[in-house]
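Some structures to go through are shown next.
Two complexes are shown next, each including subunit A; its partner changes from subunit B in the first to subunit C in the second.
Showing the complex of A and B:
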């Protein structure tokens, strides 16, 4: 506690009182009002029954595990085994998010490496800018553009068929090609920048030294570049994974008819179902599972949380 | 075992810029050979050519008689020590040293054994589990050498590896590098802009300027018998006196250097011997070759002491001789205590302690 007070005093000393007060208030608003309170409200909701407004706060409004029980065990009419449908969708969503993360990693690693190691100064900055500009197009527009690109009468099918590569239109949307492409593209920048930052600070001499000592290009990457870039890989992967697992617009627009994203179920409970407690419970389950999965991966790959912040 | 390195008119061009211009020499196996020159003279480019990171635009590099064109740095019998050492920060010292073995698929136990042997060699036994960041500058230096030696290369290439160290450590590492070279018997090719390093460690030195090799020879030859104005002005301190040849005898010329009396300067068989009477020339007299002398001695120059720079063991006197600035270095003993600023003296030098050369580009200070 004394350490904290010393820190506060030092902070006020360095920045002056007005700045210190502004930062203090801003951080408090941000952390409590915008981050903690909504989540706590959702958490609270998730432990309640779905009651009409008139009964809220009444004697029936008590805490319950009902919403979570429903997620795991299904229909309210007696236990009939697992809620295979919803759990299945959650697992499928996670697998798809992992796949999207891996696709982005595979695309971004070479690009980030080349960008960081060969483009310097103004050229490098221009190339980074060129990566950002396409993201000025908003997400919905981009998603619909992908639909047009991948649709049965879309650009890709037209091109492919006129080139004689295939004769009947391929159902890219139904096969989820459009969905994976859209999701991979949506969060690709969140992968490329942490990678770029990590690799950029790698001393080029280390790569040459490894080469000089007989390492093949592959070994240079495996033993020198990747270990060095690991924190960047971890933070990029975490962001892409989390955002993909929580994406709504792209699955809504680009997903095939048979493919349901877990966020769509959450959305349905909130919106169509009008069941906020259940929607909250589902959202909390998604959050908890994602955090758990990320923690597990960090342990498996021996990355500390501190390293990600670098 | 030891392999000669032959540079056969090696040139490197980057666009219009000629980084290395027709380098042509042979480095004997087992030799400690230095390339000495100011930054931008092309010495690092030449080193990168030998190590395989740069292909010459023209010419050939042969190691042990074998043409190296198209052979990558990982396939050459060379190991490069980088200016900043390029140790891998995330690996332990032992893993750093064993890295070349690791990429060759040597098993863990053999690697560890070899790393321990090399740690022994560089006098850091038992330090294998530390991270490079836990070592001192000199220790890291030695680890970089051990790592390069782990490949068992024929040739060790060193790119100004001592430049980041402080003076005392640098001098210590000079002796140490030389000792390691003698011990392992490898060819060392050393790049430096520090003439002290080049002269003290090397069997032979190549002085470079603007991509060209100006002179190749042992330390004494380069220092005592410079063949170009650049070498004379770059290696060590020198007083440069422009003038004209008055007359020429075998090995000695009489020069008008704008001083009250003409001076006699040795030309030996060097380029200065070709200068005919009337030709423009540059005479070089080392500060330590100048001595206080009697007014009627050979090459006596009347001068006044303008100021003194005191350096401990030596005193550097800046003299004004008929408007020309001369630097004289005296050993700081009790006899040299005189000659304070303002005193009028005569200084002279033996003809063979100076040299006359054709005019040419000089090293900028």
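Showing the complex of A and C:
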């Protein structure tokens, strides 16, 4: 405790009392009131029964695992065994998020490399600007643009059919092609900038040295650029993965009628089902699984969480 | 060396990439000017600016935008100071504490927006009911909740902006100020804050934009209110309509103007830094000035808007309507002929009436009157397919009496009379 008090005294000393209070209050409000307590409230709520407001706090308001049981085992009346529907949706969401992350990585790596290593001055700035501009259009409009592209009478179908590539309209939306394309598009920026930042600081001499030693272009990337850019790759991948898994707008607009995204189930429990505790439990499951997955990947690829956001 | 064609590969890739980036937006923008009722590029019907007019009359959207602006300002006012405080705190602690604090601060960015929205909603709801607050208090207010939810992660964005700036801060500046007798507070206000000023500006812009375009968190926390994004989302989900494309056109145009002005200002700055500013040529200096460029672009946008407001697409839309009706009638005619061929043995009752009318108008020159009485349903069908949702409904109504009158000649007249009636609504919405 004395260590903490000394730290506090030093903190106030260094900043002056008013600034120290400002820093302390702002950070405390943020961390506790906005981040930690709401998450704890949600966690607490997920262990409760779905009760009408009049019964809350009453004798029936006890802790229960019912909401989680439902996620794993399904309704009591239904057939025995696992809640295959919801678990299936979660697994599908995760796989899709991984796929979208890999697609984005593949698309963005060359762009980030070219941008960081060749574009200089005004041209480079213009390209960065051109990257940002599409992302000032919000997520919903971007998804809408993909609806126009991929719809049954959309541009792609019209083009393909008039070129004679296929004769009947392809159901891109039902097949989830539109969803994947839209999601990959939506988070490109979050992949490019961490990659760009990482690669930009790489000394060009290193690449030239490798070339001089006889490394092929592929070898240069595999042995020099990619290891160097690893924190950037981890950062971009983590963000794209988490945002894709947590996306709601794009699946609502671009998802096929029979295909659900896990966030849509959460949304349904909250808004249509009116069962907040179950919605909370599902949200906790989503959060836990996503964080667990990211941690696992970081362990596998040996990156620290400090790399994220850099 | 295979340098020849290989050197073009990167450019080709970049071109493809930017085509992917801008293609969907360009196509969406084009659909905003097509009069077809469904957002599409082909078949092209008429150049129209009517969808923009429809937007301006959309009360729900305007209300949503109003709420979004309030929320955006609130988020900027709270998230930016929090982000700054977090960045300053991080810059002062030791490396071990720093790493764990950083993890805590960065977490809200990684937590799915849905989860943040839910947890905010539940927390304030529980707190409100624990305190016995009524439903009209802050705890249940959509705008307050949305600000709280959005600040949670937007503060982390701001923090990242400040962190990258603070890395370049020279701490000896503060020390010098302290040595000169400044209090720590004075050093903060007079040395550190001015240094952070550009970052505060960009963090504020970023926070505002992030707030405006957030959906995942907002859709939960907004409760009974609406914001720009939630209105848009419900519009998109419950029916595609080119006026949504018009929203995108406005945003893209605004973005392009801002980006151009930014680029011009940046170039001016770098030129000034390298002493290349064209001081000796006042005309060039004026033209290259960001304010002048901004005024020029504003004038351009104003001119396009003015032209659009005065552009009358109703004549063209009428023609498209007529074309569609003609096609419909031809199909109807063919169907009837097929029916007659299939049932030659029973040319009675319905057949005689329809056939008679068909016979009278067989040349097809008077087709509009001829088909309508025979198959009113068919005549209505094109109306429902036709652009400008509002317009076809009233022509349909005006047409109904005409389709009931048996005489072909009589049916033709209402058809002619309905044209001006059909014009009225679409002209009004322009």
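The rule we apply is simple: the second predicted complex is superposed on the first by the 283 of 310 C-alpha atoms of A that agree within 3 Å, B and C clash if a C-alpha of one lies under 4 Å from a C-alpha of the other, contacts with A are read in each partner's own complex, and residues count from 1 in each chain.
Following the convention adopted for this analysis, a residue touches a chain if its C-beta (ideal position, glycine included) is under 8 Å from a C-beta of that chain, and two chains touch if they have at least 3 such contacts.
The structure presented is a predicted model; accordingly, all values stated were derived computationally and were not measured.
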Of the two partner chains, subunit B (first) and subunit C (second), which one does A:280 touch, if any: first, second, both, or neither?
-> second
Subunit B versus subunit C as contact partner of A:296, first or second or both or neither | neither
Between subunit B and subunit C, more residues of subunit A are touched by C
For A:85, decide between first (touching subunit B), second (touching subunit C), both and neither.
-> neither
Touching A:228, do we find subunit B (first), subunit C (second), both, or neither?
-> first
Which partner does A:203 contact after superposing on A: first (subunit B), second (subunit C), both, neither?
-> first
Can you pull the subunit A residues that subunit B and subunit C both touch?
-> none
Complex contact set, residues of subunit A against subunit B = 203, 205-206, 208-216, 219, 223-224, 227-228
In the complex, go through subunit A and note every residue touching subunit C.
-> 11, 13-19, 22-23, 26-27, 29-31, 34-35, 37-39, 41-42, 45, 53, 56, 107, 110-111, 114, 118, 122, 125-127, 129-134, 136-149, 151, 153-155, 158, 185, 188, 238-239, 242-243, 245-249, 252-253, 263, 266-267, 270, 276, 279-280, 283, 286-287, 290-291, 294, 305-306, 308-309
Contact footprint of subunit A on subunit B as seen in their complex = 51-53, 72-75, 78-80, 82-84, 86, 88, 90, 99-100, 102-104, 147-148, 150-151
Subunit A-touching residues of subunit C, taken from the complex the two chains share = 10, 13-14, 17-18, 20-25, 27-28, 31, 38-42, 81-82, 84-86, 88-89, 92, 99, 102-116, 118-120, 122-124, 126-127, 129, 148, 151-152, 155-156, 160, 183-188, 209, 212-213, 215-216, 219-220, 228-229, 232-233, 236-237, 240, 244-245, 247-248, 251-252, 255-256, 259, 262-263, 266-267
